[in-house]
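One chain, chain A, links the two complexes that follow: it is found with chain B in the first and with chain C in the second.
Let's turn to the complex of A and B:
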């Protein structure tokens, strides 16, 4: 192979080839991220995300942001450091949401017949946009971890409030008071997930008064910052192009 | 003028850099197959998949399992064998244009791997959630497992290894050794399949319910992280393709 030989016939062809690779890379990256991020998320926070009666003011708000900031931090580390692309977090979250919505519609509803307003996924888009915007404006991963990570945790509940609020209306049913979401779970029996498995608000956080969700969001924001740092370094490690010699 | 005409004729005669027909056929094959699989689940999951002691379970689900395992072993053996057998023994002598063409073919493999990984890691894995959380589990070989663990996972493994083998046997850039992140991106998701052993062991002897966030499932999570090895694969490819195109792009 001669170093003077060119792989393309003209600059125009080089540009076209480059664009075509871009599309192939975006497709592949997006699909692999959906697969990897979704399997991570469903097995670390999925139960709170599957069912509306798990979407409480305490553990849903605490767990989901903490476990979901992982892949966005890793992909931002690669996309911004190498290519100055400021949409790593949004790309991840849109992939996750696409995978979830397809599943909730075609399988949760289409195969096991749960209504979509019982199995809709959590909205992570506001936090992802904030993470990307902080990184783009500051160009600093430290600021993104601290400010973006905190915003990621804090904005989760407000970002989901318009969706979940109608299901958190208190109702009285057979002399007991609970939420509409609890009633959904009561009626749609899940044999493999009995009630004693459901991990929702038990009430000890009410020692702070009634502010369950803000306290949970604040704690979640704190841990999200730490997880962002950790997964930033994971992202750097996964971005390497090293070859090892076979033994 | 005559030379230009000859050059144009030669361009028209040569194979395209990206064979879009192969790309769409590959992606379409997975799509059509999995739409059929989903139809099968919809029909026979409820009618024959609820009781593993029923004769119809043996007919519609256990036979499906036996057939798919045989077909997967055959497909993997033939596909990987052909890619290895037809390897380029003078890979460092190819022209830059041929190298570029092979990178495109490699990306067809990678696009199919990403597509297969989506179906396995996202679609059929979360589908398993809704089946198990709502239907009693009375065997390790439930309808959702027969599709998820023993069909969709082997399919992405077969595709990923084929992609890795293609790069290793036909692309000069991959002759420096073994790409660490490529191995992570292929072997990590592969390890999800052996991890099924832990999952079934745990569910059989310890935990019959289906709490998705149970620590029993963390093996899947750990190996799912390795999908991020695709970041390194993208970077490696960008370096290789950049070398081929850089002087024509500046």
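Let's turn to the complex of A and C:
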């Protein structure tokens, strides 16, 4: 067979090859995202996602959406611009969550015996679906950044509240009040993570009294819009095909 | 040539197999926490731990043990380490093999960071509940913001039993009795599983059809019609509305199931009450101090004035948790870790009782392999070559006085 001949001889064969290619690429992309997005998120979100006693209504709500909208924006840019596929954000988040669960279960629990109810990851799926749907229905990266980025930030806390609410029940312990999450952080000893490293309830967003989470979520949503813009450009740059002219 | 290549290939393969086998089969127990690698001046001139007691050498899962003692916050705290204005009384163990059931400085529970005052001495205790069977090195430890962990002495404690029987039962302020070890776990799995399925459903919907090649060809050719159908848009709207609906439902359900919740608790605790130490009537001046590298011995020339009303003798020099004792004056029966106890490591040129009102200059030598083993001799490579420690003097009745010493240290290499 010469280089100019086709590798397939019939339409059925072409369809089969195309589907095989689909599965290979999806699988490879998924695995790359598990690795790349996971490392990025651990380095930037880190402790806010590792421990229940870091998941507060102020900095967790602010930091996690901002640092996690990065890869979804980039992969959306690639998948939508090149293929008109609106699943970039969801694919990223499912990869991240699978990687995180493997890490939390095998390493945090299986290796160092921290209970899983102390080290579960944050749930990012609702925001990812909203981001994908907004892109698909609008077909505009600008609208996706503004509306989708906003939704990504706003839906984060309510999307996680059913998971963390049981750990925010108060308890009196040796004459002091804790939440159960605080007590987890105190009970399950982290030699390398002293209490003062924990960044919770710090900041000045106290204008609305005890309703801190919505203010933090709005702030996070605004910054998520900006980060979306930035990272969708990265996605575009990395998914360009460039040809070199032969001499 | 081919034979040589084959042999090299075979030997390389055998070497690879041996390496893999060794890596898999040889898994020794880690038995320390890097305490020896911490800069010597950090251990000598920050927190001095003393009068320590590990209440039990062996505990069963669910049983408790306690580490108690005192620590002195050295007044000559090194300039290169942040002051202990934000500190946390921690415990050095390999992960949560125990849970920290309580920790106190004086009578104050200290679940959060605290402010410590230089020059003060505090009592402390840490209550631990056994969780994971094994033999664990249990250290005292103080974390200092801007300074890092300052680790104290460690002692092996054995936990027996099975981890499966461990429980951590608590009663909340809403009246529920829960096991914190597993509380909320099924709820976490349920919500994460449910949302993951929603995400997978969205992916599967798009992957049912050809994904990459035909769509890429169509996009490249500008033929976008048909790539997103009206049916797709309807499904997307269902996902959009369903997502928002599920989020609202979950939130509403959580609020009705857990109507009383509070934010995470945080904040620095100030006002730790130090111990009232007996008034010191002994004055010690360090005339000179040197460390003889080949002999693993530190020598001090001290001028001691006894301003008290009873004769005293020097019985102990404690630095970086290594205790050098003069057995004629003081013998330790507290079960202090043997590797940190030089029970005859202190020799004094004239250790006859120093009478009230007397001033005497003596040569004190603290020698033991611990200088090397605990890498205290590395002090000579530290950025501030000074030593510090606690001197303990005893009178006839066994009364003890603690005196801090702090002076430059000159290494002697020959």
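Rule of thumb we're sticking to: the second predicted complex is superposed on the first by the 234 of 247 C-alpha atoms of A that agree within 3 Å, B and C clash if a C-alpha of one lies under 4 Å from a C-alpha of the other, contacts with A are read in each partner's own complex, and residues count from 1 in each chain.
Following the convention adopted for this analysis, a residue touches a chain if its C-beta (ideal position, glycine included) is under 8 Å from a C-beta of that chain, and two chains touch if they have at least 3 such contacts.
Here the structure is a predicted model, which is why all the values come from computation and not from measurement.
Enquirer: Let me test your reading of the model: by the given contact rule, A:82 touches which partner, first (chain B), second (chain C), both or neither?
Expert: In the superposition, A:82 contacts both chain B and chain C.
Enquirer: After superposition on the shared chain, which partner residues are touched by A:242: those of chain B (first), chain C (second), both, or neither?
Expert: Only chain B; A:242 stays clear of chain C.
Enquirer: Have a look at where A:168 lands relative to chain B and chain C in the superposition and call it first, second, both or neither.
Expert: After superposing on A, A:168 lies in contact with chain C but is clear of chain B.
Enquirer: Using the touch definition from the top, say if A:136 reaches chain B (first), chain C (second), both or neither.
Expert: second
Enquirer: Go through the superposed model and pick first if A:8 touches only chain B, second if only chain C, both, or neither.
Expert: So A:8 only meets chain B here.
Enquirer: After superposition on the shared chain, which partner residues are touched by A:21: those of chain B (first), chain C (second), both, or neither?
Expert: It touches chain B and chain C both.
Enquirer: Touching A:39 in the superposition: chain B (first), chain C (second), both, neither?
Expert: It touches chain B, and chain C stays clear.
Enquirer: Is A:112 in contact with chain B, with chain C, with both, or with neither (first, second, both, neither)?
Expert: both
Enquirer: Could you give the residue numbers on chain A that contact chain B in one complex and chain C in the other?
Expert: 15, 18, 21, 25, 82, 112, 114, 189-192, 194.
Enquirer: Would you pull the chain A residues touching chain B in the complex into a rising list?
Expert: Against chain B, chain A makes touches at 1, 5-11, 13-15, 17-18, 20-21, 24-25, 27-40, 42-48, 50, 63, 71, 74-75, 78, 82, 99-100, 102-103, 106-108, 110-112, 114, 119, 189-194, 197, 234-235, 238-246.
Enquirer: Applying the document's contact rule, which stretches of chain A touch chain C when the two form their complex?
Expert: 15, 18-19, 21-22, 25-26, 53, 55-57, 81-87, 90-91, 93-94, 97, 101, 112-117, 120-121, 123, 125-126, 128-130, 132-134, 136-137, 139, 155, 158-159, 161-163, 165-184, 186-192, 194-196, 198, 200-202, 210, 212
Enquirer: Over in the complex, which chain B residues touch chain A? Could you list them?
Expert: Of all residues in chain B, those touching chain A are 11, 17-18, 38, 41-42, 45, 92-97, 99-100, 103-104, 107, 110-111, 113-115, 117-118, 120-123, 125-127, 129-137, 156, 172, 174, 176-181, 184-185, 189, 192, 209-213, 217-218, 220-221, 224-232, 234-239, 241, 244-245, 247-249.
Enquirer: Which residues of chain C touch chain A once you look at their complex with the stated criterion?
Expert: These residues of chain C touch chain A: 33, 86-88, 90-102, 109, 111-113, 131-132, 141, 143, 145, 149, 163, 168, 170-174, 176, 178, 180-185, 187-188, 191-192, 195-196, 198-200, 202-203, 206-207, 210-216, 218-219, 224, 227-228, 232-233, 236-237, 239-240, 243-244, 246-248, 250-251, 253-255, 257-258, 260-266, 268.
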